[in-house]
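Following are the structures in question.
Both of the next two complexes hold subunit A, though its partner changes from subunit B to subunit C.
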Partner chain A sequence: MNTVLAIAGVVIKELYRRKDFYVLFVLTAVITLVMGSVSFFHDTKMVRYVKDIALLLIWISALVIAIATTARQIPAERENRTIFPLLAKPVTRWQVILGKFAGCWLACGMALIVLYLFFVVVSGTREHHWPLLNYCQALWLQWVMLGVVIAFVLLGSVVFAAPSSNATISFIVVLGILFVGRYLNQVALQEPEPLKTLVYTLYFLIPHLEWYDVRDLIIYDQKLVGWVDCGLATLYALLYMGVFLLGAWLVFRRKPLNL
Partner chain B sequence: MEPIVETRNLRVEFRAQNSGQAKKVAVNDLNLSIRAGEVFGFLGPNGAGKTTTMNVLLGFVNATSGSAFLFGVDVREPIARQRIGYLPELTYYYKFLTAEELLRFYARIFGIPRAEADRRIEQLLKLVELDAARKRPIKTYSKGMQQRVGLAQALINNPDLLILDEPTSGLDPLGRMKVREIIQRLKNEGKTVFFSSHELGEVETVCDRVAIINQGKLKVEGRVTELVEKHQANLEQIFLNIIGYQPQLAA
Partner chain C sequence: MRETRNVKRLGPYVILVLLLAACFSLATVLQDRVSDWSKRGRSDNVLKVLLGDGRRLFADQFFVQADVSFHSGYYPSIFDQANRPKDTSHLTAKEGEPAAEEHEKQMNFLGPPRDWIERFGRHFIVNEHTHLEGSHESEILPWLKLAAELDPQKIETYTVAAYWLRDLGKVKEAERFLREGLLNNPGSYDILFELGSLYDQSSHDPARARKIWELALRRWGEQEAAGKKPDLLKLGQIADFLAHLEEKEGHLARAIQLLKLSQKGSPHPEAAQRRIDELKQKLAAPSPLANPKAR
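Showing the complex of A and B:
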C-alpha cells in the first residue's frame, strides 16, 4: 500500500506542477463569470444558464484533466526510462498500475473539489441558497465516473505507445458513451439480427457513464438521487474500474519496457 | 559462500522483427557468479547482451531458459530486489521533482522511516555533490548532475549490491572521475558492484574481476591482474582480441 501511495503521490505532484489544471480552471472561471455578468432580456432565470454553463465546463475540464493526465503516465515512464529504476525496486507491475490509477483519480478528485467550490460560490451568491448536499452528491458521482474513465485510459496507455492516440480514442469512446450509450437499446430494437444482438450486447457491456451525470438535478433544484442508488452506481463503477485495471495489468505484465 | 549474483545456463531469445527471420539469441548459455565485496566489470561490444543480462537480473525480461538469482533468490521474485541499487543508462528522472523529493519517493518505496530517510538523503546529496541544488527541479540539472542524482537514488536503500549500466556514459572527464571515486568508495565499504562499461581503462582501475561477452556468449572471465598477466597486454587489447577485431582490416 505504501508503494502504491508513493507512486500516486508523484502523479499528484505532477498535476499541480503542470499548467494544464490552472489553464482549465481559469478558462472555466472566466467563461462562467463573463456569462454570469451579461443580462439577457432581464431574465430572472439567468442563474440557471450560468449554472448550466459552469457545470458543462466543469465536466469538460474534468474529462480533459483525467484523460490527458492518465494517457501520458505509462508512456512517459517508458520514454524517460524512469520505469527502469522504479521496477528495479521491490515494486510489482500491478503496484505501478494501481499507483498510477490512484494518483490520477485522487488528483482529479482534488481538481473537482476546486472546480465545485468555484461553482458553489458563483451559484450561491446569485441564488442565495446553498444546497450543499446536492453539490456533494454531484461531485461524488462525477468523481466515481472519472474513476471508470481513468481506468479505461490507463488500459489504453499500456496498449498504445503514443499518449496522443490513446487520448483521442479515449475521448471519442467516452463522449460516444455519454451521448449515445443510453440509446443503444432503442437502436438495437430497430435493427435486424445479428446486428440487433450485437448492439444489445454492446449496450450491456459498456459502462453507462451517463448515469453519473446529474447536472439537471442541480440546475433545476430537484431532489437528490436516492443514496442507495448512489451506492449501487458506485459499486457498478468500481466493478468496471476493477475490470479495466485487471486488463491493464494483464497487458502491462507482458509488455517490454523499452518503447 | 553463496554468490550474490548468479546465472545458470541463462538464455534469452527475442522474437524476430520479420516472420521469416530466425529468433535473435541475445544471451546464450551464460554462467556468471559474483561474490560479496567484488567489483565486477561486465564488458562487451554494443549488442553483446550486457543490458539484456542486467534486465533479466532486474526482472525486466524473462529468461527463455536457465535461471538467475540475486542473494540466492530467484530474480522473478520482487523481494530479490530489496537489497539492490540500480543505475540505468541515460535515464531522465521525474523532471518536475527536486532531487530531495525524488530520493524521498524512492525511500518511501523501500519503506524507510522518515527520520532515517532524512538522514540518508542528507548524506547522499553530499556524497554526489548535489547538496546545493537539492531544492531545484531536476529539469534544470545538467547531464552530469542527472547521472549523479541517479547514483544517489541507487544508493537510497543502502544496498548490498549495485548494478550500474554504463554509469559514466556521456559524462565529461570530471563527471567520470566523480562516479569512479564513488564506486571506489563503495568498494571500500564492502559493497558488491556489478557494472557494464565501455571505458576499459576505468574498468581496469576499479574492477576486481571482469567478464567479456560477445554475441551473447561468455568469452572470458577472470581477475583483471591475471588476465593482464596471462595475455601480456592491457585490458583494451585483450578485449579487442577476444571480440575478433582486426586492425589491418579496419585500416
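Showing the complex of A and C:
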C-alpha cells in the first residue's frame, strides 16, 4: 500500500507543478465571472445561467485534466526510461498501475474540490442560498465518474502507441457515452437485426457515465438523489474501475518496456 | 573593423524598424479598402465579429435552452424528436388554455422505462414536467437575450421575452426590447402585435395600442400582397384584439368589420360569428337618446 501511495504522491505533485490545472481554473473563473457580471434586462438575480455555464466549464476542465494527466503517465515513464528503476525496486506492475490510477484519481479529486469551491462561492453570492449537500453529492458523483474515465484511459495508455491517440480516442468515447449512452436502447429499437442486437449489446456493456451528470438537478434546484441510488451508482463505477484496471494490468504485464 | 561589427550588431534592429514603418504605412493605406471587403469588422457586437453568420446556428440552440430552462431541465432530447414541442405557444400560454393542455400531452415523452438501466438512470435526471413560476420565470431571459444577439431576425425571441418581461412587471424593458426587435425586423407584424398588447394591457394606453395594431394589420397586408404567405392565425389575433378595443370604445361598426377579418384566421370562426351577431343586435337596438319617454 505504501508503494502505491508513494507513486500516487508523485502524480499529485506533477499535477500542481504543471500548468494544466491553473490554466483551466483561470479560464473557468474568468468566463464564469464575466458571464456573471453581465446584467440582463437590469436584473441581477438571475443565477441559473451562471450555474449552467460554471458547471459545464467544470465538467470540461475536469475531463481534460483527467484524460490528459492519465494518458501520459505510463508512456512518459517508458519514454524517460524511469520505468526501469521503478520496476527494479520491489514494485510490481500491478502496483504501478494502481499507483498511477490512485494518483490521477486523487489529483482529479483535489482539482474538483477547488473548482466546486469556486462554484459554491459564485452561486452562493448571487443566490444567497447554499444547498451544500446537493453540491457534495454532485462532486462525489463526478469524482466517481472520473475514476471510471481514468481507469479507461490507463487501459488505453498500455494499448495505444501514443498518448495523443489514447487521449483523442478516450475523449471521443467518453463524450459519446455522455451524450448518447442514455438513448442507445431507443436507437436500437428502431434498427433492423442484427444491428439492433449489436447496439443493444453495446448499450448494456458500456459504463453509463451519464448517470453521474447531475448538473440539471443542481441548476434547477431539484431534490437530492436518493442515498441508496448514490451508493449503487458508486458500486457500479467501482466495478467498472476494477474491470479496466485489471484489463490494463493484463496487457501491461506482457508488454515489453523498451520503445 | 569596429564599424563592420557595429553595422552587423545594429543591422537587424534597423531592418526591424524599417519593417515596422512599412507595416504602419501599409495599414493606413489598406484600412479604407479592407472595411469594404467585410461587414463583420464594422459590427459593434463581439459575437458577430467572432462568429460571423455562423452565429445563427447557435441562436436556435440558445432559444431551445430557454425552453429547457422554462421546463427546469425536463425536455425531450433529439431522440424524442416526435415529442418535441412543435411551436413555442406553450412558452406564453397560461394554465387551462388549449395550447397549455396540448403541450401537457406532448411533454409526456418519457413513458415507462424499457430496461433496468433506464429505470435506474431516471433517478439522476429531472423527470417531472413543471414550468417556472413566480420570479423564477426571469431565468429564461438571459438565454433569450443571447439568442436575440446571435440572430436578430428570429422574431419569436423578442415576442416571448417581451411577454415574460411584462409578466415580471418590467414593462419598460419589454418595450425597449420589442423596439430593438422592430429595428432589426421593420416589417414584423408579430412584434407590432406584442407591442400593441403591451400598450393595451400593461401601459393602459388604448389609443397607442390601436395605432400599433393598425400598423400590424397594414404590415400583414403588405406581406400578403408581396406573396409571402403570412400567418393567418396572427391576422385573426390582431383583428380580434383590435375589434375588442373598438367595441370597448363604442365603435361597433368598425368592431364588426374587424371580427369578419378575424374569422379568416380564427380556429373557431363560429365564436367570432356569434360576437358579430351580438354586435349587430346592439347596433340595431334604438339608442336611449332617440326615445326620451323610455327614461
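Here is the rule we go by: the second predicted complex is superposed on the first by the 255 of 259 C-alpha atoms of A that agree within 3 Å, B and C clash if a C-alpha of one lies under 4 Å from a C-alpha of the other, contacts with A are read in each partner's own complex, and residues count from 1 in each chain.
One rule holds in what follows: a contact is a pair of C-beta atoms (placed from the backbone, for glycine too) under 8 Å apart; a residue touches a chain by one contact, two chains touch by 3 or more.
In this text, all values refer to a predicted model and were calculated from it rather than measured experimentally.
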Superposition-derived comparison: subunit B or subunit C, residues of subunit A touched: C
Partner chain in contact with A:Tyr203 - subunit B first, subunit C second, else both or neither: second
Which of subunit B and subunit C A:Lys19 touches, first, second, both or neither: neither
Subunit B versus subunit C as contact partner of A:Leu232, first or second or both or neither: second
Partner chain in contact with A:His128 - subunit B first, subunit C second, else both or neither: neither
Touching partner for A:Lys223 - first (subunit B), second (subunit C), both, neither: neither
Overlapping contact positions on subunit A, where the subunit C interface meets the subunit B interface: none
In the complex with subunit B, residue positions of subunit A that touch it: 2-3, 5-7, 9-10, 13-14, 17-18, 80-82, 84-92, 256-257
Residues of subunit A that touch subunit C when the two form their complex: 38, 40-43, 45-49, 141, 182-183, 185-187, 189, 203-204, 208, 210-214, 216-217, 219-220, 222, 225-226, 229, 232-233
Parts of subunit B lying in touch with subunit A, wherever the complex brings them together: 55, 58-61, 78-79, 81-82, 84, 86-88, 90-97, 101, 105-106, 108-111, 150, 153-154, 157, 163
Interface residues, subunit C side, partner subunit A - complex: 69, 72-73, 77, 79-80, 114-115, 117-118, 120-121, 123-126, 135, 138-139, 141-143, 145, 165, 170, 173, 177
